[in-house]
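Scrolling down, you'll hit the structures one after another.
Next come two complexes built around chain A: one with chain B, the other with chain C.
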Partner chain A sequence: MTEAAMATNMKTPSADDNYVLRVRGLKKFFPIQKGLLRRTVGYVRAVDDVSFYVRDGETLGLVGESGCGKTTAGRSILRLYEPTAGEIMFKSRVLSQDGTSKTVNLMDLKPTEMKLVRQEISMVFQDPVNSLNPRMTVGDIVAEPMVIHGKYGPDSEQVIISLLERVGLRPDHLRRYPHEFSGGQRQRIGIARALSLNPRLVICDEPVSALDVSIQAQTLNLLEDLQADLNLAYVFVAHDLSVVQHISDRVAVMYVGKVAEMALSDELYNHPLHPYTEALMSSVPKPDPKYQSERIVMQGEVADPSNPPKGCYFNPRCRYAVDVCREKTPEFRELRPDHFVACHRAEELKLRGV
Partner chain B sequence: MATATLSPADKKAKQVSQSYWSLVWWKFKKNRIAVIGGIILLTMYVLICLFAEFVAPYDLERRSSYTEAPPITIRFIDDQGKFSIQPFVYQYERKVDQAIRRRTFVENPAVKYPVSLFVKGDSYKLWGFIPGDIHLFGLKTDDPKAAMFLMGSDSAGRDYFSRIIYGGRLSLLIGLIGQILTLVLGSVLGAISGYYGGAVDMFVQRFTEFLAAFPDIPLFMALAAAIPQYFSPIIVYFMLTLILALVRWGGLARQVRGLILSLREREYVLAAKSAGASDSRIMFRHLLPGTMSHVIVIATLSIPGMILAETSLSWLGLGLRPPLTSWGVLLQEAATVYAIRFAPWLLWTVPFIILVILAFNMLGDGLRDALDPYGGR
Partner chain C sequence: MAEKLIEITDLRVQFDVRAGIVKAVDGLDLTINRGQTVGVIGESGCGKSVTARAILQMVPKPGKVATGSILYHRKAKEGKKYERDEVLEITKLSSDGDVIRQIRGGEIGMIFQEPMSSLTPVYTAGTHINEALFLHRLIPLQKVGDQMAAEMMKYRSMTKEEARNEAVEMLRRVGIPKPVERVDSYPHQLSGGQRQRVMIAIALSCRPEMLIADEPTTALDVSIEAQILDVMRDMQKTYNMAIMFITHNLGVIAEMAEEIVVMYMGKQVERAKTVDLFYNPKHPYTQALLKSIPHVGKRTNERLATIEGMVPDPFHLPNGCVFHPRCPKFMPGKCDKIAPTYQSVGEHHWASCLLYE
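Right, the complex of A and B next:
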């Protein structure tokens, strides 16, 4: 890997100290191996210099097209994939002795410390069928994080039962198997599992994408209720813009491994600063039959993350691209308070929101 | 939100759910052939492996003067046409066949011995420590010349039926123990290989290929020949079991690896990882249980191969040797033209072997269908 590729843009989101998770310059490159000797011939830049932060008790939506690296970014936070570079600062309670929060870089933690931190960050997965072990009962599935961390005691069954009730399941579901539930119910089981150790941060990896629309709404409302009750922070990975708008306080838009724009939800939807965000917003369907759509149809294909274009990764498809866009990688900067964008022409362009 | 309390009685009443294994059992029960196979095997394993001493009418090494006596007939009607509810056998009478210059035995209707259940006979120690002398059936008489050889006797005058029962113990157990060893080795190495991938996978896979590329019989011969002659027969027996397992785990390991490769991409594995589960927990709690149904079918269907391997090795004189008695050893004694011509009852071992192998195949086929209870509903 070249030095240039490893170099991390550390100037991005400084934010205040009011965050629970702050990611800076996160990179995850997957090697492309060829031939008998498995020589590395290149890298897929799945996550290429991503920076964002999540405040306590808020929801950060992470949106983008398929393959833009949003899931990889979510998984890299928990080091399910070992990040190539970057900094993942997390305010951990378990690692501090005095009961307050201690800011740690997850990248520097020893495996034993990382295991402790896993109590505070949990995950909800996309596929309600695949994310529950078919050979375990619901009780065992929800209890597993407790068992792993040695916190399963005689009262734990009661805790699990109240968790099941909290997510809208019945106590007698405890001894049933996943195949007996519908998709929405299974996702609730997955949510109960994520909550079993009282986490501070939950990474929701497209939690409603596999559900049908009426169930999506129920699940989203459940997630919002839980957030209000338990003061959870969410990183909400999704590709459905209306879902993200509904649940997120702030939204980060990703394109080919990079964050194009990050802002408060309303600000981003109404006043996008990045041409890619504008194009995305124009694709949101409006529930108004008289509305004449003015969709911005993007030309060309999504850039290949193993061979991204020079300059801004979006330049081949951008309506506003000029020479500088084809030469220089734009910096991810805070243009307005709490509104970050990576575009050379952000100041001059007047872009349309939803 | 109602506070939940669940009394133990409640829990039991509410357990309406069907676990995976109860679904399997439900589906298995409906397959009559598989159930018959299972019952045959269960009966054979219980009677032969656990209670051989009790089931066999004579001790394994009990010799008599009736050498190569033909099978005797259990009768209810005597030569006068009188019926008795108590079965009986006639005494063996020694004759010399002048034409072939051989000693033969014929039945002598003058002396009758009654056959009954639970008779006193040779004393034994069940499982090595429970002394007893009651046998399931036998002759109720004190006459030392009385003998009942259901399947004839061998060249040393030993009851062949008793020898088949005793021999079955070793043959059946070698299949079972050997298969369990194979299963443990194959699934653990397969799981490690599939889960870790990379160099570990490479090493395990090349090693199994090396084993698979080796011709079986010469490998068995070499390994069996490596067992020192002075080892006690029982150690030889376990060494042989071990050899069979060591040669055969590769195929299973490859299948387990393939299954693990697909299972490890499931999100529930990721969920366990994200919660901080250790590698061994993921392998043994999440991945291997998912392969078990497949592994059990493979194991069941390859036990016959194990039994046959022991039989053929012993038959070739490379496996067990007397005084250990297995079906292979018994067959070896029968493997002469002389035996087939003059003592064909020494081939009675064969139907037993065939029965066991058929039963295992019936059971295995049924299990294969039953272990996928979610499909075909």
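Right, the complex of A and C next:
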């Protein structure tokens, strides 16, 4: 690609046609019900106007503190939670007749069509213990998506064996039960299950949080290898910032249901534009005893998503907050090429990275 | 200057289960000085938590301390029930006797990993703290003149009102907003970070000589983790308290500990000052562990170094060095036959590896 072509490409990243998934204005509100008649008295705004996109074969990291809506956002994409509003554009192969990609809005699909699309978007769950049925053998677990989608045939056992080998398990593990495996191996079973229908996009919800350091490294490497071999796109939801930086091409930082900042991972870590990103980065403990950190301690607690503060949701904890931050909700805008931020003062602030 | 507080020599804890004997801790030597922070790192199942529990004589059944000794150097202090300096052998104490019950909570506090399940849901935060205060905190009674009586009742326990005020004060110290209201909150009304701070407040309310923190921040977000670590450091300075910090997060340990012990399969594989351990690790396991973590801020397209294979089955430990099947520096004919001894490999640096024998 020439430099000129690259420049235009970068200026309009959301308009370029290279994405697999593009989410715009996604909202998921959970009603709060009270009293005998279960009257709705308010809403928890778990995901509140979130926009992001994932390009073909790349990894988008989704980070934030617990309760910021990153898991809900991940699940809403698959409509495991029915989104309240928004647009989820996905390039589907199964829905087009001729095998090419067809752009569909997942929100408009009928249940039967949605089921077809779920072959192409799969999910790896956080807890490798609870996400595997203890009464099913490994072979059955990995085969289940194929059975559900009517793809299980005489050759499928061979496919499953090669999948197990691909994720680093042995063919003789096929007839064993989940309790016979360690946490890292169970997560591999979960990954094999997610890959059994050749997905295009895998949503990984904290896939390595429950694993030990050495096993975590093995699993991350496995995910990277699979991505390179199968041209998978990942939405990688996690709270460990160093892991997210390692695996992601681009990272979106979420705070109380909104995306605060989204950029290429190096750019985000080294030149953050949002004060929340800066504070979050400064609190990551560095595995270097000589490193003298100047930690920015965020005052107070995370805002309550059922009763968020006026203006920018981060303003009560932000050390740069001015009057406009308490009044107006900042717009999520592209300040530099491929670098989006929702902050009124993003231009003037000089923030430091890690 | 360095005054010993806990001295562990050749500690072995075994679990005798039907399938065989699991050596959860297998020959651990460790000294913790007053006011010092010692980090213990290792993967799950390496015996970190069992060691912590052995210090408080509360190894869960069917586990028992097979051999070894844990010496606790007790020093007389105002406001405690004992009056003279003595050295106690913790492993010899009855696990439900008076002495160990004074030590648990009163002299050695502990924070557990799960803030969700270590608080009783039916008691308020204040009640939790008060329970510890009633058991362990004594108020000196000063009676002038009547020496006989003063000798007999030098201390009294706290009154309800004093305990409540103290609980509010502790909650304020650990950084809980609106402590006067929060003292009456039940655990479910608190967030994860607040619950963990309540745990810390309970552990610190009795001004312990040592705090055992078993993965205190593992379940928390980085921003809250940072606050909790600050609280712990602050309290350590105020009370000259020793901390035994158990974790598998190398970033946290680099920040907190002065000295680090690395454990693998119940064995202590390396011990050094923090800076030495991070910059000059001797044991191949420590080296591999340090290489396998992604460093924030330094993104490379390199793959992470991994430790091949898995933690061995505790019932069938490999011969020789327990790490040899996964070791990148495996020496055939040596590592799989001879068990390494734990020895000095530098100034204040010990490792157990045949490379240095």
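Simple rule for what comes next: the second predicted complex is superposed on the first by the 340 of 354 C-alpha atoms of A that agree within 3 Å, B and C clash if a C-alpha of one lies under 4 Å from a C-alpha of the other, contacts with A are read in each partner's own complex, and residues count from 1 in each chain.
The working rule: contacts are C-beta pairs under 8 Å (C-beta built on N, C-alpha and C of every residue); 3 or more make two chains touch, one makes a residue touch a chain.
A quick note: this is a predicted structure, and the numbers were derived from the prediction, not measured.
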Overlaying the two complexes on chain A, which is it for chain B and chain C: clash or fit? fit
Return first, second, both or neither, reflecting whether A:R24 touches chain B, chain C, both chains, or no partner chain. neither
Of the two partner chains, chain B (first) and chain C (second), which one does A:I161 touch, if any: first, second, both, or neither? first
Just to be sure I read the superposition right, which of the two partners does A:H339 touch: chain B = first, chain C = second, or both, or neither? neither
Pick one for A:R250: touches chain B only (first), chain C only (second), both, or neither. neither
Using the superposition on chain A described above, determine whether A:D127 touches chain B (first), chain C (second), both, or neither. first
After superposition on the shared chain, which partner residues are touched by A:A217: those of chain B (first), chain C (second), both, or neither? second
Output check: A:K286 vs chain B and chain C. Expected answer is one of first, second, both, neither. What do you get? second
Overlay on shared chain A, then closest C-alpha pair between chain B and chain C (Å): 8
Both chain B and chain C touch chain A at residues none
Which residues of chain B touch chain A once you look at their complex with the stated criterion? 1-6, 11, 14-20, 266-268, 270-278, 281, 286, 289-290, 374
Applying the document's contact rule, which stretches of chain C touch chain A when the two form their complex? 43-44, 177, 191-194, 221-227, 229-230, 248-252, 254-255, 274-275, 278-279, 288-290, 292-297, 299, 303-307, 310-311
Chain C partner, complex, touching residues on chain A are 65-66, 182-185, 212-218, 220-221, 224, 239, 241-243, 245-246, 265-266, 269-270, 279-281, 283-291, 293, 295, 297-298, 300-302, 353-354
For the chain A and chain B complex, residues of the former touching the latter: 75, 78, 80, 114-115, 118-119, 121-123, 125-127, 130-135, 137, 144-145, 148-149, 157-158, 161-162, 165-166, 171-172, 174-177, 179-180, 190, 193, 197
